[in-house]
Each structure stands twice: as structure tokens, then as C-alpha cells.
Amino acid sequence: MNGAHDMGGMHGLGPIDAEIDEPVFHHDWERRVLALTLASGAMGKWNIDISRHARENQPPAEYLANSYYQTWLVGLEKLLVESGLVTADEIANGRSAAPLPDDLEERVLKAEAVEAVLSRGDNFTVEDDIPAKFAVGEPVRVLNNHPTHHTRAPRYVRGKCGVVERDHGVFVFADENSKGPGHRVGQHVYSVCFPAQELWGPDAAAADRINVDLWDGHLEAAPS
Amino acid sequence: MNGAHDMGGMHGLGPIDAEIDEPVFHHDWERRVLALTLASGAMGKWNIDISRHARENQPPAEYLANSYYQTWLVGLEKLLVESGLVTADEIANGRSAAPLPDDLEERVLKAEAVEAVLSRGDNFTVEDDIPAKFAVGEPVRVLNNHPTHHTRAPRYVRGKCGVVERDHGVFVFADENSKGPGHRVGQHVYSVCFPAQELWGPDAAAADRINVDLWDGHLEAAPS
Amino acid sequence: MSDSEDHSDPNHSHLSDTDLRVRSLESLLLEKGMVDADALEALIQTYEHKVGPQNGARVVARAWSEPDYKDWLLRDATAAIADMGYHGRQGEHMYVVENTGEVHNLVVCTLCSCYPWPVLGLPPTWYKSAPYRSRAVMDPRGVLREFGTEIGADVAVRVWDSTAELRYLVLPERPEGTEGMSQEELAALVGRNSMIGVEKVASPNGGAAR
Amino acid sequence: MSDSEDHSDPNHSHLSDTDLRVRSLESLLLEKGMVDADALEALIQTYEHKVGPQNGARVVARAWSEPDYKDWLLRDATAAIADMGYHGRQGEHMYVVENTGEVHNLVVCTLCSCYPWPVLGLPPTWYKSAPYRSRAVMDPRGVLREFGTEIGADVAVRVWDSTAELRYLVLPERPEGTEGMSQEELAALVGRNSMIGVEKVASPNGGAAR
């Protein structure tokens, strides 16, 4: 979706406010939102792409007004309700109307498992022997698509030409994976290098480059 | 500027709320904002492009949250202060700290002049005999520029190819005119016709077209 | 898709704050002598009561009735519309686009809310709002569907983004069942939305235009 | 340029509302037995106190000190960083980009706020904020200037937008005046901002890195 989250190339968002000696959290509720989000993920009801879409798919005025952890909170409430883990009424009341189903009890993240779970991380690669559509050094163009669903091809590179600089290997294709179970398909991800002037015109520095990680599904061979 | 006002191609802004039998104004203050804006314009301190920029140059979260006449109000207050007609203190206090300068008194719009002023309208054309850079039927490309100032070339056509369909004549170039007095230059304005698929990709209807009015300063000859 | 809260509805938020802010500004400008109270009233009266889509409807009805006028309107809309007495602010340069069996026209201003005031009056809220401005150029058929207007695949949709000082008026197709009607009767059929292009003019035998 | 009001500062608005909303959600999930209070505490402790830019600084110091390690880091960052004990969530796939006299690297995530947690901890607010995300790709030299970092016209700026599951760490240039320093001493010089690429590592003779 072409949403407010797709910020590359926007003007008017103000100066960068780099706080000196910034604490990790500014409010206790930020700690809780981080922890609740990570712990709820253990239920296995969504993947990272579904959760990214839950956060970005807010009315743009709200997305822009919300802080980072406010957006995480919006996303978490949405994920919990859409996955059926809790009901909207339960969120409104702050009280549980039904216990956790038995089959989910074993999934609950325990303190003693935290270190191992974080250290292991997630698995975004696909072992399938999927051939690469493009070779390193090959000129490519980003498809000028404007899907209403989640996509990891930012709007500022759509229709633009670059060169494949590195093949990162086969990863789950985020745009499809965001649609839910059964959409886990593997594609090569490339670091595609764009001249700054290709993206932003002649006022950009001629030497500067922007590298964007893109999947096979985002690309076509550049017109010659 | 690439601001929130440049909305063509954004998703997630909700359904269209077409009110049946909508009144011209929903609140009395909307009437006042319209009238104050038109009356203040009679001071001759800004042109339409300066006023458009005053409205669009808000923090994006505020632009998106404000209603149309709220944005007019923000713009009017900004224009009044930036032009020196009133001070920020006067706006904060709602009281005049100094009378209108004598040389502006004759400019004040009187009731008996309203009809004639509105009927006459503004003059956006330039009589100079300026040659057209492009001919009707010529393929053109919109420059991929991203100026931080006001521009009337929407982001969704930048870098895209179309065909000059009509030469509307010589008009004041809005992008320059927004910079203030001394920036009134004339250029041809064309209706440039873009295939929907050129702008939005293969999911758009093949037969559909989008026409955008663009100045010579927005265009270059299309690459062959 | 929206899980919006009260504060996300821009037309009904902070009303009292805004109201106070406008009253304060108005009294400042009146005290300073920069604006004249009677002039403000005259401006409001003009756009609330005198100018509106009935003007555009009369232009359309005449174009439907007089082939020579229609030719003139499509060739030099500014002059042909001025001939009806409609001209001036936000209508200084007019262009009329004709709906036919081959093409359906739709007008938008994605960057602000440009609109042909002398023939249509002030724009409705939806025309000025983000949902319409964002989608009219990218998904015009979806937008038309939201207005109940289905455009066949054999008809091209043509969107006009009012990015300069040209103002657009759609000349809708004359509906069936209007043979022999007077210009006054025809004008009564022509609603604002059909001259923006989001609806067609309904046949008097069928439903009414908005 | 901003004439912003209180409600436009997202980090300091509606705090009590948000606080209440989070407390309510936490008590709901605890009551339901979906989350475990001790696990929540362990998650917070991990990211508030254990994981942070000191990890990345040790990687950088080792790369500056051991040419073989640097080769490995640039060739297979994930394995070389795991060799230091840093791996897992939001650092599953690492890529290290080296600053040289010819190129200066800068990392951003324009679409959300992807960041290499195992080596840098959680991202600072500015990294997640709209001003940085919007401008890093379009005006990187302007962004660098806001951090006091001037990049010469003879040096190319290379921006890395973290749009997939690769996470980027910048290997800064080793500053002058650090010959003979231990890895521990070197690591103490390397600040978070230099590993995102918005600053250089200052020479110990000059100012300090942030």
C-alpha cells in the first residue's frame, strides 16, 4: 500500500531531533508494549510481514501523529483481535472473557526461554533451490505496481532503474507472506544499487548511490 | 515540496463520504474563513501560488488532520504574519496593536465592490509573446525534480511520459510565482495526456488516461 | 479498514477551538480596518446563495439544445460560459470536456481543491477530501463505483487533474427521454456531480441525479 | 518551518491515555494466561540493559585490529558477528558496509524502522522518526550535516535502505591517533551513530563520538 509509512522522499517532516544520551525507553508503557509484542508473537498467529502491515495500515493522519511505540500498540491490538486471540470487547474492558485455548498454553513464552528464543531469532530464508531471475551486475527496473496490500518496494524506487549489486540468497517474499498462512514463497533478494540522480534528478550528487533490498517479484529486466 | 497535500496515488485514506444535500457551509466559522481570506487578498500582499503554498506547507500530520477550511485558516494566519499585515502577537491577542497603514486603506474591499471584484477574477495569463517549447502531439517527459518549494507538478507524474494534447497558452509559472514579487514569469501550459498504465502499471485499465496541466518548466522532450 | 477514533474526523473536531480562533481573527482584522463587515457579508451571500451548480446546469442545458453553442463551448469554454453571465474568480480559464459513448470524464484537483466556482459554486466536502483526491487519478473506476457509476470496459475513463489555472466542467451525456424538453426543464435534471463527472445525468424516466 | 501545536509532538501527547491503554492490555493478557509476567520482565531487561551498541563497537574494534576478522566480517557478516556471540532476533542476516576514503555509508529503514538489534540494541527515536526516514534517501548529505558530519564532494555517499531482512552495520574508518590501542580501548571510541553512519568516529585527540 502507498501509505504514510512509505516516507522516502517526503518533505516537511521537520528537523531530526537527535537526543543526547537518549534512554532506551522514555516511558514505562513503551517497555510494556515492546515486551507484550514480543511475548504475544510466541503464539505463532502472525509473521513479521503481517505485523508490519498491521502497523502501517493506519489512517495516514494517525500514523504520522503516533510515536513508534504507539504504532506498535495499535498494531498489537489489531493483531490480537484479527487473529482471534482476544476479542475487541476484551480489549475495551481489559478483562478476559475466556481462557487461553489449551493448545496454545504450551506456546506461552516463559522467562527461562527468553534468552534462547531471542538468540535463535526468526527464519526468513527458504531452503528451496530456487534459481535467481537476475545476475549480479545485471540492470533491472522496479515494477511500477501500486498494490493495496503490504509491499517492501518503496514508492520512490518504483519504475526506476538500478543494477543488481549482490544476491543475498532466497528469502520469504514479504509482499505475499503478509497475506497470511499459505503465502510463504521463496525468492531471491538482491541489493539493487540506484544512482541518486536516477531517483531524485540532477540536483542529487552524481556520485551518490542508494541501495535497496528487493525481491525477484519486484523487478524486471531494465529496458535497453 | 513533496508534502501530504500531493495526494494522488495514496492509499488508506478511507471511503469517499458524499453527503446528500450537503450545505455550502457546515459551520458559521467556515463562512467567516472564506470571507476573511477573500477580503484579505485585496491587500495585494500575496498571489494565489503564495497562498497555496501557505496552506500546503504544514506538518503532514496536521495537514491530514485539518479540514479544508481549517487549512484555509492556518494559511490565512500565516500569510497575514509573513506579509507583515499583522503580527503574531496581534493574532494571539485578537486585538490590533497598530492601525492599517494609510497606503493600504484604499485597498480595503468594500461591499459595493465585491460583485465587480469576483466577476473580474484574477489574471493568470502573461501577454508576452513567449514561444512554446513543445508542440501539440509531441511526446514529453515530466522532469524528475523534487524541489522543496511550491510546485504544481504532482509527484505521481514525475519522470513519466505523456503526450502534449493541448496548448492552453502562456500563464504565470506557479512554481516561481510562489516565491513572491519579482518571480512572475510566463510559460506555456499544456494539457499533457498520460496513459493510466504509464502512471500506475499494468493493473490500470489500458484505455484510461490522466490529463495533467503542466508548464514548460516541468517538461523535457521524451527520450526516443 | 479504518479503526479511527473521534479525533480522526477532521470536520467535527476542535470545533469550538477553531470557532474561537476565527472570531478572534475576524475581530482583529475588523478593528484594524483591514476588512469591512459589509463586504464579508456580501462575499458570504454570493457563495452561499447566488453562485452554484444551477449555473453550470444552464450551460449544459443550452449545449444540449443548441448545436452551435455546444461547438463554441467545446472550442472556447471561457467565452461561451461568459456569454451566459458566468465568469470571474476561479473560473477565469474554463475548459469543457464532453462525455460520449467512448469516453467518460472525471475532474479532480489532487494538490489542493481547484474547482470552477462561477459555474458550480464552492466545492462539496468530498471533492476537497483526501479519499477523493488520492484515488481519483489512480483508481477512477473504483471512485466512480462508490458513486454508483459503472463505466463499461469499452469506455475510456479520462481524468483531468486541475494542476494549473484551467478549470474543468464536464458536459454530461444527454439522457434518453428528454426529447422536446425546454432548456429550463433540462437544467433541472443536471446535478453538480454529473458536471464533476462522478455521476451521469439520469433519465427523467429513471432515478434522479444528485 | 513548523508552526506546530502541542498535539503535533507524537512523543509527548496522550501519554496518560496511552499508559492506561497499555496497562489495560497487559492485565488482560496476563489474566488470559497468554503472557507470563517474568518473561515480560526478562524481555525488558534484555533490551534495556544487556544488548546495546557496545556489542557493535566490539565488532568494529576487532575488525580494526585483526585483518582476517575484517575480511570475514565483510564477506560473511552474520557468521563473523555470531563468532562474537551476537546473533538472533533482528540480526538474523547481517551485512557490513565499510567506510573508506572513497565512500561513506548510511543506514535507514524508510518503510518502518528495521535495525540490527543484536549489535546496536533498540534504535534511538530519531532513527524511527519521520524526519530521518523521509530524508536519508533523498538528501543524505543534508541529513549528515544535521549530525555535524560533512562529507566531501570527492566522497560518494551510499545509503542502505533496509527493506528486506538484511540488517546493516557500518564499519567506520579507524581514526588517527589510535595506533597501538587495545580492542577494549578502541571499542570505547565507537559510538552508535558511527555504526549507523550519521557520524564518523572521532579521533581520541579531538572530540568524542556520540
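Each chain carries a letter (A, B, C and D) given by its place in the written order, and its residues are counted from 1.
Throughout what follows, a residue touches a chain if its C-beta (ideal position, glycine included) is under 8 Å from a C-beta of that chain, and two chains touch if they have at least 3 such contacts.
Predicted model only: the values in this text are computed from it and were never measured.
Student: When you check each chain against subunit A and subunit C, which touch both of them?
Tutor: B
Student: Farthest chain from subunit B, comparing Cα centres?
Tutor: Here the answer is chain D, farthest from subunit B.
Student: For subunit B and subunit C, let me know how many angstrom lie between their CA-based centres, rounded off.
Tutor: About 17 Å, centre to centre.
Student: Just give me the whole-number Å value for how far the CA centre of subunit B lies from that of subunit D.
Tutor: 40
Student: Compute the distance, rounded to whole Å, between the mean C-alpha positions of subunit C and subunit D.
Tutor: That gives a centre separation of 51 Å.
Student: Could you list the positions in subunit C whose residues touch two or more of the other chains?
Tutor: Counting only residues that touch two or more other chains, subunit C contributes 1-2, 4, 8, 10, 130, 138.
Student: At least two other chains touched by the same residue of subunit B: list those residues.
Tutor: 9-14, 57-61, 64-65, 146, 199-200
Student: Enumerate the contact residues on subunit B facing subunit A in the complex.
Tutor: On the subunit B side, the touching residues are 1-4, 9-14, 57-61, 64-65, 143-146, 148, 155, 159-160, 199-203.
Student: Considering only the defined contacts, which subunit C positions touch subunit B in the complex?
Tutor: 1-2, 4, 7-8, 10-11, 13-15, 18-19, 21-29, 31-36, 38-44, 46-48, 52, 87-93, 95, 110-113, 121-122, 124-126, 128-138, 140-141, 143, 146-147, 153, 155-166, 193, 198, 210
Student: Spell out the part of subunit A that touches subunit D in their complex, as residue ranges.
Tutor: For subunit A paired with subunit D, touching residues are 5-20, 22, 24-29, 31-36, 38-40, 43, 48, 52, 55-56, 64-68, 70, 73, 76-77, 80, 85-86, 90-91, 93-96, 98-100, 104-105, 108-111, 113-115, 117-125, 152-154, 156, 168, 171, 174, 189, 191, 196, 199-200, 204-205, 207-215.
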